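What follows is a group of structures, each given as structure tokens.
In what comes next, subunit A is part of two complexes: it sits with subunit B in the first one and with subunit C in the second one.
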Partner chain A sequence: MPKFLKEFFNRNGTGMGLAILGLVLFWTIGLIILPQLSMLDFSFRPNLPPPEIGGPKDVYTLENYKYLIYGPEGGSQDYNAVDLRVFFRTLIAAVCVTIFNLIICYPIAYYLGQSKGSHIRIFAIMLIIPYWINEILRAFALRIIFGETGVLNTLFVGLGIFDTPFDFIRNDIALYAGLGYAYILLMIFPIYNVIESLDHNQIEAARDLGAPWWRIHWRVVIPYAKPGISSGCTMVFMLSAGALAAPQILGGPSSLWFTQLIYQQFNDNNDWPQGAAYAIVLLVTCILFVLAVMRLFKVNMGDIGK
Partner chain B sequence: MSAGVGVDLENLWIRFGDFVAVRDANVNINGGDFFSFLGPSGCGKTTILRAVSGFLDPSEGRVLIGGKDMLGIGPNKRPTALIFQNLALFPLMKVWENITFSMEIKGASAAQRRKRADELLDMIALPGQGDKLPSELSGGQRQRVAIARALCAEPDVLLLDEPLSALDLKLRQHMRTELREIQQRVGITFIYITHDQGEALTMSDNIAVMRDGVIDQIATGKTIYNDPNTAFAASFVGENNVFRGKIKQVMGTEAMIATNRSGDLVARISTANQGKMKEGDDAMLFIRPEALAIAPDGATGDHYVTARVKHEEFEGNVFNIFTQGDGGKEIKVSIPNHGQSFQDHTGQSITLEYETQNAVLVPAGELAAE
Partner chain C sequence: MSGSFLRVSIWAYLVIFFLYLLGPLVIMSVTAFNSSAFPRMSPWECLTFQWFDELFRDQRILNGIKNSLIIGAGTVVLSVAMGLAGALMLTQIWPKLRATYYTVIIAPILIPGVVLGISTLVFWDRINRMLGLGADSVLSNGVFLTVIGQSTFIASYCMLVLVARLQRYDVALTEAALDLGATHAQAFRKILLPFMRPAIASAAVLAFLASFENYNTTTFTFGEYPTLTIELAQKVRYGITPSISALAFIIVALTVFFALLNEAKLKRQELVAAVRKNATVEELAGKIKLPSFFAGNAAAVLVVIFAVATITVVGTATAYDPAQCVANVREQKRLEAEQRIQELRQQREEQRKQREAEEAEQGGAQSAPRPSNNSGFGNVFAPNTLGGDSEETQPQSETPPSSNDGFGGAFDPNSLQND
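The block that comes next holds the complex of A and B.
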């Protein structure tokens, strides 16, 4: 038995230890790994009517993956331009949402982490409470704000800043705002956690040595907060690339999110293998992308857990 | 030495809400001085340091550095560098980057910074350690890196906030000598904050003794030790035996007090209080342990004290005798060890004598907490 397991059983007793271990294994294997493996299996099979499943036609194939790249066989185009464009647009948009979120959340997290007093608690509660409202309602609330006859347009037209209402939804501003807002806490709290433990004397020392505020952040605060920043960015990127409700409700008519394509395959086309292949491509691409960025910024896997 | 830049505090008040942290401080620190603020924790000494470095604005009064009013000048623009109590080295920067952070801000090239870092590392006796991280150094080494980082900024005034308090005793004593040497070599003004009177006495040219936001005395260590202004200064700096009483008679620079237990005692009135103390005033008479000696039995007079010995201890260089003194306080007597035979007096009554000029009289006041 490895040492950590022995210690684990010594600390918790054999009965309790087995129970905890069992639950954790059930959670990771039964609820996460096995369903994903079954999705992986689906993605390599043809979409067959139920009687033919397990029959001679049920063989492993790369058809579903080829479809994303080349489109339907005998189609008019060489590549599946529509789906590929949606795929890359989703990734780029998720990167933008992440950066946008980081820019907004870093100052908030810094303020929360470095100031003292009970108002910080109130501030944190004010950030958390809106998340009691479910995602759909929050998305529709943003529609009310950004709609053609919505709050913002009424205000801007009323003030004479715009002549005609601006279509926030068609221009995807509502979508970005919605995605950004949906994951703000996931960005703020990891950064806040790290910055809270930063010794304020270090900031003062840098200032005393002549550093202007931006350099203090660049050389002292941001390097220290890097684990929190990478943790927050990873979560926001993964979740916005995989978001469904916000794009569905706030997206313009012409701008599909890749998750919507996956949803269509599963639900509208009833083509689970195709949907599974799309979902796997999105998952693997996101993971590889995150790993590459982590390597670029010299972030360790252990830092993400901070 | 006087080429350095002086610091002046003029009628400085600092308040936090209703709390007065510094009360009307007036201090002139000469350029090139090693100046210490000495006082127990919470006396306002760190607050003064923060006002000099620019992290705090005075509620009233002025802070002048080199004769220039510092009001509205931020800490990053003042010719001061601060060494923090916990050093506050940047943990993610290498030692050489830490040291030359102030040059990085001014846009110096990496080669220039590296060269300067090597010079400073030589000066603090850590050659070749520039590529380590602060966490890879020992406490004393980190201490020296913090000094080098502050000196690299070429400040006119170096401010030190109890930088030795985290070190163990041996290292602390070693660093005292080292700090003093560095100060004399670079010739800039050092302002040093400490609650350790040993540090203040060994390193400083001048010391300000502080209590509850008030500066009791500013003088050389020797003067404060021998000629304290107040009961607090007398009891906080060094060990002291106190005798309380009312002034019976003033005789020029000396006075006689009547004590409950030890009879009438005569002492020199401390310089600052001469002419201010009159008959009937409550007074405190202080005699250092080393100023007391054992007198022949039966000797009486106004510079003799009779007391019962509670216990004795041998400290190596001195024999310490503890006797029952006034108000439950012990009287400590230190007899230098010249290799003489020493008789145990425990339980006996002995007579102690002192020379009048070695006993000092100040108005009754608050004593330093033990």
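The block that comes next holds the complex of A and C.
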């Protein structure tokens, strides 16, 4: 038995040690690592009916990945334009949602982090309450507002700003507003946590030295809050790229989110390997993208999730 | 000067921000009380409680709540246990492995829920096949798969909550217990667990809420046990009714109530601590009075107001009958519709006369008037004209629908115009 394992059992006792070790191994290996590997393996296999699985036809193939790029074999187009467009649209829209969220959340997080008083607690509760409401219901609430006879259209038509109701849903405005709405808290809290620990004297000092407010933020607050900003952005980006409920409820009839394609492969086409391949593509692209951006802004991986 | 301007703009920003955050929830809650069959705030028709009735009679919703509770309980147990084990392991793992281990257990938070759902489904399906079990075994059961799938990432949340408290734990306490002859299990149960209890409670609440509202993972794993969220999603996607608003209102009200209750409790603890700090000796001598529950505690007062308001509303709901109002609205709509029809008829009549006059003028040179001749009115008899000025004719179809069928195709772009 290796030394550290022996130490571990000495410290926790055999029974407790086994329980802890067992649970941790079940979680890390049984729930996290093996399922992901299994999905990866699955995505390289053809879609076979259950009796043929493990048979001679069950060989590794790149077919599922080729499908995303080139479309069905013998198809009329050179590339699978529909799916690829959905894929890139999802990524670009997720980036836009993240930037939008950062812009609206940073002032709030700064304000909450730097002001004192009992009203801050009330603001915190008001922030958390929407997050406890079901994701579906939050999307539903926005649907009521953005609908053709919804509050916004009634308001705008009533005020004479629009002549006819504006179709927010078909123009995807409802979708972006919904995605931004869903993850506000995940953006605010990491930034708030960091800014709260910023010594107010630093800001005072910058002000005394004659810096205008925007330069104080640019040179003092933002560099200090960088770990929080990067965790918030990472979470919002990953979650909105992987969102399913909001696009299903708020998306226009003609626009799809990449997760909806995955969902269709699983539930409508019953093509699990294809769906798994799409899921892998989404996961890997998102991770690579996040790592690239983090390298660009010189942020450490270890800062995420703190 | 600029200071006050800055302050005003900060407050304006805060107001707009919280309107964006809370406005949708308020509007959704209000629509639960409007008798209009499509959830909306304006035009306001009648105050009604019928959507709550409808909600409580909906078997699928009730069944969904039951499944959600079962799955939630399973997830809480599994993810708190795994989270605690994970946190304990994190504090004592071999330093070289620490970074890798941390990445692995934090990763599920960042992996999209869809991916977790798929990987769980695929993996356990494979295990099931390897063991040679049938399609109806435990391993392919919806409840089992959902609990497993959700726990994968919820355990990470629990771990983060638990590790924050565990870092403040003094290991010397456990060592002392062991020196005094306790077994490891006893030391764990009697020393560490009581210390961790507040964190375990918050982790459990967090886990339950996360499980209750999860959609992305569950939608792949639920099998034959749809949770409340799944049922809601089905309903919202294929036709929305105010009974969903009613459910939303209940959830919002419960959330606000428990948030206030929690806040009141925290505030009271703070007040008590403040008094104690200043007056330990007097307290020991029995001279000091602890502050009463409501003193200086706005949240507690709000809780009571909230409770009273709820009782009033429920009381009104049992006594209140909106039938008269609903009938009035229906009658008014009928009248409006009739008026519209009348107007249309008149219009047509006038147009007919005008055309006849025109024809007479032309001396019947043309046997039949081509539509292009009187371009402005020529299409008035075509059936499409009615749809053309939908603004005018809308109320005709707005007579309260007998059921929700009219909204069945919520995604059909036309359905919104129909109501």
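Quick notes on this one:
Going forward, the second predicted complex is superposed on the first by the 286 of 306 C-alpha atoms of A that agree within 3 Å, B and C clash if a C-alpha of one lies under 4 Å from a C-alpha of the other, contacts with A are read in each partner's own complex, and residues count from 1 in each chain.
Convention: contacts are C-beta pairs under 8 Å (C-beta built on N, C-alpha and C of every residue); 3 or more make two chains touch, one makes a residue touch a chain.
Nothing here was measured: the structure is a model prediction, and the numbers come from that model.
Once the two complexes are overlaid through subunit A, subunit B and subunit C fit side by side, free of any clash as defined at the top of the document. After overlaying the two complexes on the shared chain, residue contacts for A:174 are found with neither subunit B nor subunit C.
Of the two partner chains placed by the overlay, only subunit B lies in contact with A:224; subunit C stays clear of it. Contact with neither subunit B nor subunit C is seen for A:182 once the two complexes are overlaid on the shared chain. Once the two complexes are overlaid on the shared chain, A:206 sits against subunit B while remaining clear of subunit C.
Subunit A is touched at more residues by one of its partners, and among subunit B and subunit C that partner is C. Look at A:121: by the touch rule set out above, it reaches subunit C but stays clear of subunit B.
Once the two complexes are overlaid on the shared chain, A:151 sits against subunit C while remaining clear of subunit B. Shared-chain residue A:215: touches subunit B; no touch with subunit C. Superposition on the common chain places the nearest Cα atoms of subunit B and subunit C 7 Å from each other.
Interface residues of subunit C, counted against subunit A in their complex, comprise 6, 10, 13-14, 17-18, 20-25, 27-28, 31, 38-42, 81-82, 85-86, 88-89, 92, 94, 99, 101-116, 118-124, 126, 129, 148, 151-152, 155, 160, 183-185, 188, 209, 212-213, 215-216, 219-220, 228-229, 232-233, 236-237, 240, 244-245, 247-248, 251-252, 255-256, 259-260, 263, 411-413, 416-417, 419.
Note for the complex: subunit A touches subunit B at residues 199, 201-202, 204-212, 215, 219-220, 223-224. On the side of subunit A, the complex with subunit C involves touching residues 4, 8, 11-17, 19-24, 26-28, 31-36, 38-39, 42, 50, 53, 104, 107-108, 111, 121, 123, 125-130, 132-145, 147-151, 154, 167, 170, 181, 184, 213, 234-235, 238-239, 241-245, 248-249, 253, 259, 262-263, 266, 272, 275-276, 279, 282-283, 286, 290, 301-302, 304-305.
Contacts from subunit B toward subunit A in the complex involve residues 53-55, 74-77, 80-82, 84-86, 88-93, 101-102, 104-106, 149-150, 153.
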